[in-house]
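Read the structure below first, then the notes.
Read from first to last, the chains carry the letters A, B, C, D and E; within each, the first residue is number 1.
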Amino acid sequence: KELRILAWQGYADDDWVKEFEKQTGADVSVVFIGTDDEIWAKIKGSEGKDFDLFAVNTAQLQRYIDAGLTTPYDLSKIPNLKEALPRFRDLTQVNGVMRDGKVYAIPLCFDSIGLIYDTDKVKPAPTSMEVLWDPKYKGKVLAYDNGEHNFSFTALTLGIQDPFHLTPEQMEQVKAKLIELKKNVLSFYTTADEALQIYQNNDVALIWANYGQQQVKAMTDAGAHVAYVNASEGALAWLDTWAMTSGVQDKDLAEQWVNFVLQKKIGQQLSERTGFGNTVVPAPSAGEKDKLVWLQLVEDPLKRSDMWNEIKAAP
Amino acid sequence: MKSAAPILTPSRLRDLTMATAAYILPVVFVLLPLATFFVYSFFSVQGVQLVRDPTLLNYRRFFADEIYLPVFLKTCRLCLEVAGLTILFGYPVAYLLAVLRGRKKYVLLLLLLVPLLMSYIIKIYAIRSILGGTGFLNRFLLWTGVIDEPSMLFVYNLNAVLLTLSVLLLPFAILPIFLSLERIPRRLLEASSDLGGSGWQTFRMVTLPLSLPGVIAAASFVFVLALGDFLTPQMVGGQSGFTFGRIIYSQFGAAFNWPFGAALSAILAVVVMLAIVIGARFGNRAAARGSSL
Amino acid sequence: MKSSGILLELQGVSKSYGAVKVLEAVDLAVRDGEFITILGPSGSGKTTILRMIGGFTQPSGGQILLDGKDIVAQPINRRPFNTVFQDYALFPHMTVAANVGYGLRVRGEARDEIARRVKEALALVQLGDLAERYPSQISGGQRQRVALARAIICQPRLILLDEPLAALDLALRRQMQEFLKEIQRQIRTTFLFVTHDQEEAIAMADRICVMNEGRILQLGSAHDVYYRPTSEFVARFFGENNLIEGRLEESQGEWRWIATPIGRLRCAVDGQPELATATRGRRAFAVFRPESVAAGAPAGGDNHVEGTVTHVSFGGASTSISLSVGEGGRTKFLLRWPSRAEGVSISPGQRMAAHWRPTDCRLVLA
Amino acid sequence: MKSSGILLELQGVSKSYGAVKVLEAVDLAVRDGEFITILGPSGSGKTTILRMIGGFTQPSGGQILLDGKDIVAQPINRRPFNTVFQDYALFPHMTVAANVGYGLRVRGEARDEIARRVKEALALVQLGDLAERYPSQISGGQRQRVALARAIICQPRLILLDEPLAALDLALRRQMQEFLKEIQRQIRTTFLFVTHDQEEAIAMADRICVMNEGRILQLGSAHDVYYRPTSEFVARFFGENNLIEGRLEESQGEWRWIATPIGRLRCAVDGQPELATATRGRRAFAVFRPESVAAGAPAGGDNHVEGTVTHVSFGGASTSISLSVGEGGRTKFLLRWPSRAEGVSISPGQRMAAHWRPTDCRLVLA
Amino acid sequence: MIASRGAMVLLACLTGFVFLLLYGPLLLPIVSSLFTVKQGLVQWDQPTLQAYGTLAANEGILEALRNTFMVGISAVILSLVLGTALAFYVNSGESPGRQFLQFLIFLPFLLPPIIIGLSLLIFFREIAFPRSLVTIIIGHTVFVLALVYRIVLVRLQALSRSLVEASFDLGASGWQTFRLVLLPNLTGALAGAAVLAFALSFDETLITILVTGTQNTLPIRLWAMMRLGFTPDINALVTLILAFTTALCLLAARYLTPRELLAEES
């Protein structure tokens, strides 16, 4: 028996894999991936045939379902789901994991996309994302390199209700705002560690924290004086899930794995090791009271990507 | 074989088998995959579905849209600068290697190649922590008192990309230049001195022109590798690190616009190929003259 | 012109590579305006001398004086000499004109001036119409002439030529030899010409300097080194020769006798001071050229032998006849006569008498 | 051996590169065991012929017969010929022994057998003690001998040599010439030797094949081509010669007269069929060698002139004298005499008489 | 090549600077593999080999490293064989076909890696060729082929034609000629090409990700790790690789310098 997993670092650690292999006698191989883009290229390129399971966030998941690259779960095979946090127990309440009554993804971990600020440099503590545009912080802001998310959070900052479905006028409005943001931005980063690195070697005051708590954890570990805040306008939040490919070879085994990682012990370890919130054990990731806006599939990813390219290319 | 043999002679047959053998792998593993991909460049997408109606839209868009051409040109300029910089620094090193004799030469050469085996992601990380606003370099310069406040010259801008790519690709420039320098007959340099040329004049008027084929080969290696690198601009380029490589890359992920990506790649390939063919012509001409003394 | 027209003087110049001495202390004085040839077998140090004069190699000892001043420390590009290299060393990336003008260009001459003088120099070597070609587009002989034009355009005090004709075929070589002599006559510059070809040296040089194993063995006119060799090596070096070893006997005015296995031979002493002081019994060679030996018995009675013909070989203009004479035919002997259309009437195995004039017979100490 | 000992025959072999014809239809028969030389100026097609025999180049037309069978389609490595290349083409990464043994090695001979025969071959070329050196560590002449040993070790039917001596100095060249002849005598293999050096061809060949511009002009012994040239080209090609143009007159037995600007000359006709049929008035040259011309008036009265000495030049074994004769001194004339130690008693400007025997004077049609 | 004393000093300085550029970035991982780093500052007084211990236990990384070497070495061997063969073929004559072949060889080197990766992935999928280390090796071979091909071709063109002719003349077959005469004369170029090709393969990420089956290579692991940050054992790993290759190079230079290389100087 063989299980082929495509995952982010931290979602399928060696010790878990070993334990699972011992339990099931299966042969598990994990290929690690660095960006959403590669997951898509890899899964789409092989028409889902190269892997059985892959980790993907709920927003991205939609296109895989659209393209018929996923297979729905049989929830009866995943008894541990009943142990999940209330928020994630009833999948009908979780935006984006179901389509036409079928479950296409099982939530694994999540994080909010908040704001990290240097407590020595930013006083008083900010509450709104507007602070990113504050001319005081010119050249001291780190932003994330992703058109979809940036449009969404900027829309939220501008007070737009549905940040995932923007009208063309709203798009233009957001675009202008983002071009303005560039004045303050030192660099667009793509990974948490990269942000930490930049922070360590440069004068950085504010970080738009795509990786949320995990990023804060890494930074405080490294001795940085930083704090984290979820903006009052509402913080975007991502939710990573396990999805099964259309080319899954051993559906049972795949479901066994998903069930396996939904254990409390593993959830705990995941949070400890990565700093992300897991879906089975409560973790400090996002306070229950914080206003989380779960990422959704946006109106036109292509358009956002193109416009983001335009923004980056803008002088 | 120019014999006018009308039938399939044994040697003809052998030629044919040889040709077939030579073509088979490149055709199967390069032409076939890339040809399908090239066909994609005439398609379009709707959502996550490919629309297989042939169209030239993707190509038109490259020229019509105001961001692609400028970014493309900017990227080309950047990569040319990288090529220029690596040659600027690689040339003296290659020259020294060519001057040295015996074992020293080969030890030095090997030592120059060793850093290639340090994973380049790790290297970029290291370079980044050296270059940052409060990185090692700035700290060092502050400490020595060369500067009073952190220099932003190499912090998240094109300069940083330029420098990083140059450092990463330097060995690819040194080797071809070294090989071409080594082929210049010592006699020509003596002849130049004999005619009264100073060391510098000899270098400028004899050595440099004769090493041009190697320089061009080096430049094309570096240029192509720099063009294909999408990570470095991303990681040290800050806001300016937006290159054509990244545009292409983005078409294959989030955007899911493979047809457009394919079109952009085709354009890139054509331009690079042209550059290389022109470069090679230039180099060949110099080499052809050099070949028979 | 001071010190009696001596342009360049090598005083005790030596050269070693590590422990190997390739040039013993060499003295050589080059006269202003002469055509001097350095001749010697491969590895004798000819190129080494030339390279030290040009400045490409540093001598290990001794002085090189130009107009009486030592120039050993002067760098190549400051010496008023130019070199024509054996392989021409033309710059492959420059046209013929650019090659020729190179020396003026690096001196910073004005463009017009360069153009004018290049034209002149190319006209001199009869290559006016090839100015725009590249070296790879002209023939070997033409390249050689370009190299020459390039060397003479700066009007050097001395032109160094290292076997410039070695790579050419016979016909072209002859033509270039005449051409070089002609040019030298026209521009009156001193030529120092290195070659390993005896005929070439004889055809061209005012003086020939014969070298072997890092030493200068003899320096003199072509006629001198051909007929008045001072050493066995020189005697053997210019074409085939007859050397008969023996012991010196008494002098008789301008003559001296030598006892050899084929009898007492009478030899001419032609102002050879070393012979005047040589004692009786000293070992020496009687030397006479194959072409000086005639058939038949002599009128006088000196220097004649009888022997058996061992070999007759046609060599174009001349035909060589080998003779073995003396006890058991142990002494070999060579005769060379102009060939005749009907061939020679002598065949191997035949006995024949031969003689040569004492004037044609010289002595060389062993 | 069939067809009277003919080993190899070229029948109408021609070669063109694109539109350029570098070899006209050439016929050539090589006899088994002979030493044949192909001689011609640069670019005459010598190498081309040799390469076509070796199989390196395909002929554009014609046949190459080995023992009567066409081998044009046979690949290089199947032909029982071996080549000594002009640049030796020794394998730089192999020792001398490995180079020599290569041909046996690729035939899959046993190691001992190879070692034994390599030793033998190296002994033959007198290089036994250099077996373990690399080509870069031996001198030019030694390399040449290695190339030769490498070619003969496989006992080929025919050995092809492309100017193997061109790069050597005169002394070494002479030595190698004798050496090659000696080897050929010992192993009795057919040698096809390409050269542009007339003296070399004369010294070595049983037969000489003279080429020019892609044609074979004459094929015969050295004496033949030297004294019985059938064309102006061949007459001029072997060293300096005197050619006096004129119109044929009547025959007289073995003699024929020719009217020239310097008078009627009597020439020997030596079995030259083309002359027998040549009509009176036909343009032709009287040809006689400089070394056949003697000073003074003749005993008989034929073939004598008087002229002014214009040039005397010492050339080692011989001294050349240029004479201008005829009306206004317009006909140039060359004499070559053996040099003498005391020099010649003739100097430029002097008048002198000269004559040559009709036997030495041949006719060549213009 | 000649240079005056002054020029030599200048060149040596510049070379020193280039060495600094090339080796500077390597120092950081080396130092951090041996000392504790806190808040971006090296604690010189706290040397530790802990990272090396962790590395020894990290099977995932070691497995990836093994894969990387497997792929690298296979791709180098394949590309050397193919590149040499193709260089021979292209060099053996002139025809438009050969020009086109050369174009094909260069293409994968010119196009962005993601294109090569994706097109190969789609191609393999279409012909139902299972993705595995083999597909990675094919991908890498296709990618580095251009470099090998070019270096070999240049060297080949410089080789005297008469060497090949001499070999044939002595009765050798084509294969014998290649093995006994040409190959030994190409070793320098092949070694250079092998080093550069291995270096490219060693760092190749995108093609690898796309055409891999279930295997990771080192660059994939490093690439994925960027999300959470590198663990200290990575520093230990690259330090070891570096030490190992340097030692190998020095040994090679010490013992393997071919005799002809030393003889050629004059």
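FYI, contacts are C-beta pairs under 8 Å (C-beta built on N, C-alpha and C of every residue); 3 or more make two chains touch, one makes a residue touch a chain.
Here the structure is a predicted model, which is why all the values come from computation and not from measurement.
Common neighbours of chain A and chain C, listed by label, are B.
Between chain A and chain D, the least number of touching-chain steps is 2. Two chain pairs are in question, B-E and D-E; the one with more C-beta pairs in contact is B-E. In whole angstrom, the spacing between the mean C-alpha positions of chain A and chain E is 36. Centre-to-centre, using mean CA coordinates, chain C is 57 Å away from chain E. Between the Cα centres of chain C and chain D there is a gap of 26 Å. Residue numbers of chain E whose C-beta contacts span two or more other chains: 40, 114, 118, 122, 205, 223, 226, 230. Chain D has residues 75 in contact with two or more other chains.
Residue positions 38, 41, 190, 194, 200-201 of chain A each touch two or more of the other chains. Those residues of chain B that touch chain A in the shared complex are 45, 47-49, 66-67, 70-71, 125, 128-129, 131-135, 150, 152, 155-156, 234-235, 237-239, 241-242, 247, 249-257.
The touching residues of chain C, counted against chain B in their complex, run 54-56, 75-78, 81-83, 85, 87-93, 102-103, 105-107, 134-136, 150-151, 154. Against chain B, the residues of chain E that register as touching in their complex are 1-4, 7-8, 10-12, 14-15, 17-19, 21-29, 40, 82, 85-86, 89-90, 97, 101, 103-116, 118-120, 122-123, 126, 138, 141-142, 147, 150-151, 154, 158, 192, 195-196, 198-199, 202-203, 205, 218-219, 222-223, 226, 230, 234, 238, 241-242, 245-246, 249-250, 252-254, 257, 261-262, 265.
Chain B contributes residues 18-19, 21-23, 25-27, 29-34, 36-37, 89-90, 92-93, 95-96, 98-99, 101-103, 106-108, 110-123, 125-127, 129-130, 136, 166-167, 170-172, 175-176, 179, 181-184, 186, 189-190, 199, 207, 217, 221, 224, 227-228, 230-231, 245, 248-249, 252, 258, 261-262, 265, 268-269, 272-273, 276 to its touches with chain E in the complex. Residues 41-42, 139-140, 166-167, 169-172, 196-199, 202-203, 222-223, 226-227, 238-239, 268, 270, 289-292, 313-318, 336-343, 359-360, 362 of chain D are the ones that touch chain C when the two sit in their complex.
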